[in-house]
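So, here's a batch of structures to check.
Each of the next two complexes has subunit A plus one other chain: subunit B in the first, subunit C in the second.
Right after this comes the complex of A and B.
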């Protein structure tokens, strides 16, 4: 490969390159700028993410494999990249105010958020397992550090340690699985694997089964599927709230994208033998997530369990596995990203006012103290519960109908029962928001002051939550064309 | 002879790896880890990958483990007497699980030895044709491995930044 050709192929990695370059730029600016002006670093991070999003949309997506079949830039990668960068953008906007207040480690915070996004986009583009692994590690290590960034908080320390230890094990399982896949197929490139396996006898091979099981375990850990979820509530609760949102949406979107690509491009011959296992995984994940969310007093912890439950719904689409199932998965990912970041974003706003600010009581009277924030939270919770005409409803509708089409009626019945149960704990928070708290009876509470970044993030997330729900056609069409690229 | 060496090295690798977990004294645990890395280097030699074997010994047994030992000695970790009982209880649960997992892997692997994919295009013959291990590796690293090689540097940068931000003193 000549230099010119290499440079030309870089155009397929434009989003990755912009994200990484912005991260490095922020580190340099942080080192050489006076202490008082670090607030501007956040603006650079937001601009870099927006530029990456813009570049992703501007560059053509022909779907040719690049760099010796390591990565690809197709419509599927474009869709997932857009979702990831949208999540990163919202998270950055929500972080601006908190970072300005804390000061220490500001540059590194923004740089690591961007580096994590770099890893996520690489995972979405990867068509070689080495690239998937490298993307996974880049995003994992960045997120481990981000979780532990409030060094003087015991909860954050505990969360970071738990995450790094268990995450290390998960990476080990993933790599161990790759060695078996390599042994069974003689390659780690997805196309080479698929063409070696074909559809015949070679599939019944214990190397392949073991490898798939271990790789699946590695993915399941990052997706927080039950029974690989034990770290999730503690880590989500202990991490700074914007980072919790980032973990819940960005990491999940990237890992699911890689999982679906693995199943559809590398191991289509093996997947039919795993349907039952995935079925059980999806069913257990949503049930355990919802039941545990019911009994939580802390809203942050409840949202952590709710994100486990949503991973279960997403897995329903993976079980369906049909093109319409994957289309539904992509639309649901978009819906899940905007509504979940929105809900965590309201929590970020609430936490400015009071220490903690995570319990149900802290949300009492929010709708009167700040109508915009209260209404936004109610919207996001309605969407998470799957009530029309929100994005969450549409996503669930598409996923469930795709699963019924594929013949998994019982799984869908279970999922619908789960959604009904979930409505209880979401609506409980909505009721608290529009109930006058005792403190408010005594005298008017101070209104919540929204910073520009928070206002922008909440409005953007709210508009998209409604937009995807009311006018789904464009998004659905985009997702459908993305799935066509998967073949 | 090759089989004998293979069995010896792999038994040493697995045995000393188990001793790392088992041994109550942190420094001795670390030394067992070095032994494990050394014998793994032997396994690479048997695969005719002498360059990787050398790197294994130099980088892991040499550099990484020396750092490990430094850290252990700096922290002045003592053998943990009081935790030992709790450890033994946990071992009681861990042993059957580990045996189950190892048994599963062994049955899977031995049952399907014949079903391994043929060695890819980068077998020993190809390496010989390239003029040795180092050349072959270098050539691969800068052609097919170009992107992973570059992306690894991103990974290392992230790790460096992470360590810096978590370990540096706060300016107040």
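Right after this comes the complex of A and C.
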């Protein structure tokens, strides 16, 4: 490959390069700037993410493999990248205030958020399993550190340890599975693998079976599917709240994108034999997630279980596997990203006022103390519960109808029952928001002051939550064209 | 030439020892060592397949895996050190502030 051609191919990796360069720039600026002025680093991070998003939209997406069939820049990658970067942008905006207050570790924090985003975008672009593995590790290692960054908090220490041990364990399974896929097909490139497997007569091969099972287990760990979810509630609860939001949306989007690409481009011949297993995974995941969420007292932990349940709904779309299923999956990912970051964002705002601020009673009277924040939280929770006309409703509608079309009626019936159960614990929080707390009876509580970043993040997330629900046509069309890029 | 199966058996044994170690041992550093064992089992398997297939790319993957494993160990040990400062223990059963 000549230098000119390499430079040309770099244009397909523009988003990754911008994110990475901004991360490095922040580390340098952090080292050379005096202590009192670290607040500006957040602005650099936000600008870098926005620039990456802009560059992604500006660059052509022809869909030809780049760098010896390692990555690709197609409309599918574009859609997932946009969702990931949108999530990262919202998380950064929500972190600005907290970082300014804490001071220490500011540069590392922003740089690691950007490095994690680099890994996520790489996963969305990868068409080679080693690239998927590298992207997965880049994002995982960055997030391990982010979880443990408040290093004087025992809770964060515990969460980071649990995450790094179970994450490493999962990586081991994933990698060991890759070796068998390599042994069975002679390559880890998705196109080579698919053409070797052909139409399916070579599928019954013990190496391939073992490899697929292990890779699936690795993905399931990272997606927090039941029964591989045991780390999730603890890690989500112990991590700083903006990072919890980042894990819930960014990591999930990236891993699901890689999973879908694997199924459609590398192993289309194998997937039909795994449908039953995926069906069970989806059913168990949403049921266990919802039932466990019912009994939680901490809203943060409740949202952790709710994200497990949502992973179950997303898996319904993966089970359907049809083009309309994947389209629904992409729209649902977008909806899930904005509403989930929004809900965690309100928690970030609430935590400024009180220590903890995660229990149900901490949300009491929020709607009176700050009408904007209360209304936003109610909107996000309605959307998570799937009540029209929000994004969450539209996503669920698309996913369920695609699954019915593909013939998985029972799974959809189960999912609908689950959504009804889920409404209980979401609405419980909404009721708390609009109930006068005991403290408020005694005397008026101080109003909540929103910083500019938080206001921007909540408004953006809120607008998108309504926008995707009310005017879905554009987003759906974008997702449909993204799916056409897949094989 | 040693047949492929022998290598794969050794690698499966290493992997099984690693998994058992993670599940059975309670010292965070020993668990970490067991995870490394799992990654090394995968490396051995990669190299064995690479020789069997007469394809060099399998050996290349091993380098990537080694870099990743080194990075993971660095971060993991740093997390264990900060944890030890606050908790005064690295026994994972004792570390249970978050219920679950």
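Convention: the second predicted complex is superposed on the first by the 486 of 487 C-alpha atoms of A that agree within 3 Å, B and C clash if a C-alpha of one lies under 4 Å from a C-alpha of the other, contacts with A are read in each partner's own complex, and residues count from 1 in each chain.
By definition in this document, contacts are C-beta pairs under 8 Å (C-beta built on N, C-alpha and C of every residue); 3 or more make two chains touch, one makes a residue touch a chain.
Just so it is clear, the structure is predicted and the values come from calculations on it, not from any experiment.
Undergrad: Determine, under the contact definition given at the top, whether A:351 touches first (subunit B), second (subunit C), both, or neither.
TA: Neither subunit B nor subunit C is touched by A:351.
Undergrad: Tell me which partner A:134 touches in the superposition: subunit B (first), subunit C (second), both or neither.
TA: A:134: touches subunit B and subunit C.
Undergrad: For A:144, select first, second, both or neither according to whether it touches subunit B, subunit C, the two together, or no partner.
TA: In the superposition, A:144 touches subunit B and subunit C alike.
Undergrad: Counting only touches as set out at the top, which of subunit B and subunit C does A:159 meet: first, second, both, neither?
TA: After superposing on A, A:159 lies in contact with subunit C but is clear of subunit B.
Undergrad: So, does A:186 touch the first partner subunit B, the second partner subunit C, both, or neither?
TA: A:186 contacts both subunit B and subunit C.
Undergrad: Mind working out whether A:118 is in touch with subunit B, subunit C, both or neither, as first, second, both or neither?
TA: It touches subunit B, and subunit C stays clear.
Undergrad: With both complexes overlaid on chain A, does A:105 touch subunit B (first), subunit C (second), both or neither?
TA: Touch status of A:105: first partner only.
Undergrad: Which of the two partners, first being subunit B and second being subunit C, lies in contact with A:172: first, second, both, or neither?
TA: In the superposed model, A:172 contacts subunit C only, not subunit B.
Undergrad: Could you tell me which stretches of subunit A are touched by subunit B in one complex and by subunit C in the other?
TA: 130, 134, 137, 141, 144-145, 148, 151, 183, 186-187
Undergrad: Provide the residue numbers of subunit A that touch subunit B in the complex, in ascending order.
TA: The contact residues of subunit A facing subunit B are 1, 6, 20, 24, 27, 35, 66-68, 70-71, 104-105, 108-109, 111-112, 115, 118-119, 122, 128, 130-131, 134-135, 137-138, 141-142, 144-145, 148-149, 151, 183-187, 196, 202, 205-207, 209-210.
Undergrad: Give the list of subunit A residues in touch with subunit C in this complex.
TA: 130, 133-134, 137, 141, 144-145, 148, 151-155, 157-162, 164-165, 168-169, 171-173, 175-176, 178-180, 182-183, 186-188, 230, 233-234, 237-238
Undergrad: Inside the complex, what are the residues of subunit B that reach subunit A?
TA: 104-105, 107-109, 111-112, 115-120, 143-144, 146-148, 151-152, 154-155, 157-159, 161-162, 164-166, 170-171
Undergrad: Where on subunit C is subunit A touching in the complex?
TA: 11, 15, 18-19, 22, 28, 31-32, 35, 38-39, 41-42, 45-46, 49-50, 52-53, 55, 57-58, 61, 64-65, 68, 71-72, 75-76, 78-80, 82-83, 85-87, 92, 95-100
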